[in-house]
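Both of the next two complexes hold subunit A, though its partner changes from subunit B to subunit C.
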Partner chain A sequence: MVSALDRAWIPRGVVRAPLTRFGLWVGLWLGVFAVGAYAMYLCLADGLFHTNMDNRYVFGLWIFLDLTVIALGAGAFFTGFLLYVLRKKELKAVINSAVVLGLICYSGAMVILAVDVGQPLRAWFTYWYPNAHSMLAEVTFCITCYLLVLCIEYVPILLKNRRLRGIGGYLVFEHELHKLMVVFALIGTLLSFFHQGSLGGLFGVLRGRPFAFREGFAIWPSTFFLFILSAIAAGPSFIALTTWLVEKISRRRLISAEAYDTLARISGKMLMLYVLMKSLDTLFWLNQTAPARGFPAHRFYEFGNFGGWTLFIEIVILGLLPGLALIHAPLRAKRPVLLAAALAACAGVTLNRFVLTIQTMALPTLPFDRLMSYWPSWQEFAAFGAVVAYGVLVYSFSFRYLTLFPQERELTRAELMQRSQEA
Partner chain B sequence: MFPWVYGFSWTPGHVIFVGVFLTVAAAVAVTVFLAVFRSVQDFRRGKARQIAWQSHFHDLPASDRACRHALTGELKGRVCDNGFDCRQCSVHARLTAIETAPPAGRLYHRGHTWVRPAGDGTLLVGLDEIATKLLGSVGQAAAPPAGTVLEANAPAFTVRKKGAEFRILSPVDGVIVESHDGSQGWFARVKPAENYSDVHLLRGHEATAWFQREVDRLQMAACQVNGMPALADGGVLEGDLSEVLPPGVWESLSAEMLLDS
Partner chain C sequence: MTRRATPGKAARYGMIIDLDRCNGCGACMIACAVENNVPPPDAKATPRTGLNWVRVFRVETATRPAFVPVMCMQCGDETPCVSVCPQNAVDVDPSTGVVGQIPERCLGCRYCMAACPYQARVFNWRDPQWPAGMEQALNPNVSARQRGTVEKCNFCHGRWHAAVEAAANEGKTGSVSYTPACVEACPAQAIEFGDLNDAAFAAKARAAGAFRLLEPLGTGPKVYYRTGRAEVRGAVSGLIEEAKNGQRS
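After this line comes the complex of A and B, so read on.
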């Protein structure tokens, strides 16, 4: 009975795991979520002393991972922009999955921010009394508005569910909403451009921390533009990577080789542009910005484990090399190379966010300061685990009951045919 | 946030910040409102079923949306973007302007239903041979009762088999005056609507070309499954295909051939 009901909600022509196996999978992640929810409750009810952050080390694991998931979630707006505005039709194969990933990344980041900021009953103060001169105010408004846009973009995917589409009017609304999707794609692009930028700009304007401080254009430091570029470079790679992961877990082919190639090509081009701009920016900072503020740049890399290797790995190993692999057609045609390069691109952005949050906070800023150390508490790990579990659960249910990959049906049928022929 | 809220000042920073975000919020709200308003308008104008079909149609693979003129080789590779409603299609109007008269006999809808004038002003509507092979006898279908209003491309009735459900699309606009279990080949006698037109239905050589392609497609699926007869060596498709094809393949193939996404 339950199995028949479950089957009736699964899109036609695709194969999903048996309900019991899906139940076990959901149960596992619900367990992780429950532990994290308890940790969040502790932080909200008692305060942030449950974390290992303090007045000096104000940005910890949560902000570092928030910045990372927001960067990786950029695939949603960038794919939407390429598909609806620039009409890159081949990206239709992944747009639904990109929207769900974006929704998970942004809503997860919002939840963890809410725990980090605390005082949830006063959350509306952020919107009602914004500090218009703070980059964070812009980030708050943009992320909130963009999350709303992502929710709206999720509605057509939801309404196309096999059962829901039969309810009178749902498909009509979906149709009309879909016709206006270009507006949401443009708004999403505008909002993402500014909040990705402002998240970078936030560090670039820290005059008291010369390791992060950068000069720039008008009111925007160079990190504003580098954050945007790195996010749109890593976004398509993250989509390719997650799609491959879902393919492995579900043991299904979900998108064609052409779709992988398009994602890799776009990611590679943007990554090369990012590496070029990042290299120029770093050279300018090493030779101009840092010395002008009284700090020879090499001194920043003399503390603890944060040596110059971080810079080399970030720009060359996790930037230039994957960029070259992704723009070179014969190389990216090899799936292991493509996936390794996509993974490296995502790791490069992660390292960049790590350097700007954790390393910036750790480095001394006054002559009598020492390198600060920080290791997150179990509550910090658990709270982020809850967000990961939430993401896995939302994606799992979406994948099971909604059409996230329009090509899956044809690919599944071809696969079933082939298997039958082999038998 | 607003001029009357504590902390606001009429500086360029505040005005630009608040102005931009209120504009964005307003754009989002207006766009959603527009979608709701248009949906209500669609309902009032009776376009709901047509739109639902368009939505289903665009979810179908491109190979299932081949233009009728692509089947006959007149327009190579053309994909229909009009929901198979050739009554509104300028390309079809241009290409058929030179035709003299439609051949007699059945007119086919791409969802594997057919229409034939009964001679008394009504039309007989039935499932073609391919649909019958895929779904079994029409008797298993809940044939729509007399008085049911049909709309071309809108669902006419639903067939349930082996836990799967398929909706059969109506080939014509009209009202059912008599329903039948399909034992005589048809499942409904329909009184056509006043503005009835059969321009969108396949006929003559294009129906033959389309039917051949559909048979080929079925054959392609069938010949890859062990134990299936092959038309290429003179065999014929016999029996119920739902019993022969793997369940996943049968359901997916049936749905696609019946244009049920």
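After this line comes the complex of A and C, so read on.
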């Protein structure tokens, strides 16, 4: 009975795991979610002393990972922009998955932020008493609006479900909504540009933190533009990686090699542009910005483990090398190279967010102060684990019951035909 | 010691801390906590999660150590914490020049703490609690802050407010004179408080041997330090030239 009901909701022409295996998978992640939900409850009910953050490490694991998932989630808006505005038709194969990933990344980040602030019930104050000069106010507005756009973009995917489309009016609504997707893609791009940028601006405007402070253009520090560039460089790589991961877990072919190639090529080009801009910015900061504020840049790299290696790894190992691999067609044609380069690109963005949050907090500004270390508490790990589990669950249900990869049916049919011919 | 400012004009309160007098006794920290209803630390609190509005650093130098009290510097130029707060919970009072924190509006995002180069802001990581009976000793002129909000030195706003009220009862307006708790408590009289609009006090703040922390950042702090020892100035000021001079001396 349950199995028949389950089958009735699964899209036609695709093969999904048996319900029992899917149930075990869901149960496992529900367990992770439950532990994290308990950790979140502790922080909300008792206070943030359950974390290992302190008056020096005011931002910790949560803000670092929030910045990272929002950067990786940029694949949603950028893919939408490429597909609906620049008409890159081959990306139709991944747009639904990109929207779901974006929705998961942004909603998950919002949940963690709600736990991270000391007075979450006052979150509405930012809308009521906004400080127009604050990058954080801009981030709050743009992320809220963009999350709304992602929800709207998710609706047509949901309504295309095999059972839901049978309900009178749903399919018409979905069709009409789909026609407006170019508008939502443009709105999403505009909002994403600003909040990705403002997340970088959060640190770039910290004039009291010479390690993070950057000169810029008009009211925007250079980190504003670098965050946008790095996010749209890593976003397509993240989509390629997650698609490959879903292919491995579900043991299905989901998109064509052409779609992988397009994602990798765009990611590589954007990554090369980012590496160039990041290098110029770093040189200017090392020689001009930091010394002008009384901090010779070499001082930043004399503390503990934060040596110049972070810069080298971020720009060369996790920037230039994957960028070169991804723009070179024969190299990216090899799937392991493509995946390794995509992973390196995502790791590079992660390291960049780590440096700007954790290293900025770790370095002393007062000449007689010292470097401090921080290791997150189990509550911090568990709460983030809950967000990961939430993401896996939303994606798993979406993958099982919705059409995330329109090419899948065609690829499955071809595979089945090939198998029957071989037999 | 407190100097009287010119009546009828807005004030620009500031401090001068004599590092040659400070012996690191910590009386300023205690007086500050008592005056401003800072709760006693929880058994599990650490120096990094405590609520000290004033911290006294011990700074080693080539000769003997120096003690450096650090509190909110009440930055006057493009105050770093003001522009970052997403909901206008931080402001600069134009009548006093003091950077105010509105705990009732604070979201607890801690962005202002990240922005402060002096790390002078502290966060209420847990509910404030006073041992039974101790709440009787709370200062009625200062509101206690709740969990999840940021707080910091405000040059004893409660005392300023009381002084303004007293002046108003006498029909006076404008700048008033008062003494913050740390200034009053310092047994070595190492801290002077006054109005930087007062020419005599301003001249003293800028006299030879005086400096401010992290001056090249351009935040315009209103807390000045003074020392006759070049090695202390070199170790504390953060100025590269001063540090070189300090090493030479």
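Throughout what follows, the second predicted complex is superposed on the first by the 421 of 423 C-alpha atoms of A that agree within 3 Å, B and C clash if a C-alpha of one lies under 4 Å from a C-alpha of the other, contacts with A are read in each partner's own complex, and residues count from 1 in each chain.
The rule we apply is simple: a contact is a pair of C-beta atoms (placed from the backbone, for glycine too) under 8 Å apart; a residue touches a chain by one contact, two chains touch by 3 or more.
Owing to the predicted nature of the structure, the values given are computational and were not obtained by experimental measurement.
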> After the subunit A overlay, clash or fit between subunit B and subunit C?
Replying inline: fit
>> A:Ala137 in the overlay: touching subunit B, subunit C, both, or neither? Say first, second, both or neither.
In response: both
>> Tell me the contact category for A:Arg265 with respect to subunit B and subunit C: first, second, both or neither.
In response: neither
> Which holds for A:Glu176: it touches subunit B only (first), subunit C only (second), both, or neither?
Replying inline: first
> Is A:Pro367 touching the first partner subunit B, the second partner subunit C, both, or neither of them?
Replying inline: second
> In the combined three-chain arrangement, what's the angle at subunit A toward subunit B and subunit C (CA centres, steps of 10°)?
Replying inline: 150
> Does the superposition put A:Val149 against subunit B (first), subunit C (second), both, or neither?
Replying inline: first
>> Per the contact definition in the header, classify A:Tyr129: touching subunit B only (first), subunit C only (second), both, or neither.
In response: both
> Who does A:Arg16 touch here: subunit B (first), subunit C (second), both, or neither?
Replying inline: neither
> On the overlay, how many Å separate the closest CA atoms of subunit B and subunit C?
Replying inline: 7
> Which positions of subunit A sit in both the subunit B and the subunit C interface?
Replying inline: 128-130, 133, 137
> Which of the residues in subunit C end up touching subunit A in this complex?
Replying inline: 42, 44, 46, 48-50, 57, 59, 68, 70, 78, 80, 83-89, 105-111, 113-119, 121-127, 146-150, 213-219, 235-240, 243
>> With touch defined as at the start, can you tell me which subunit B residues reach subunit A in the complex?
In response: 1, 5-7, 11, 13-14, 17-18, 21, 24-25, 27-28, 31-32, 34-36, 38-39, 42-43, 47-48, 51-52, 54-56, 59, 61, 163-165, 221, 224-226, 246, 248-249, 251-253, 255-256, 260-261
> Along subunit A, where are the residues that touch subunit C in the complex?
Replying inline: 46-49, 53-59, 116-119, 122-123, 125-126, 128-131, 133-137, 140, 202, 205-210, 292-294, 296, 360-361, 365-369, 372
> Any idea which subunit A residues touch subunit B in the complex?
Replying inline: 4, 7-8, 12-13, 15, 127-130, 132-133, 137-138, 141, 145, 148-149, 152, 160, 165, 168-169, 171-177, 179-180, 183-184, 187, 190-191, 403, 406, 409-410, 412-413, 416-418, 420-421, 423
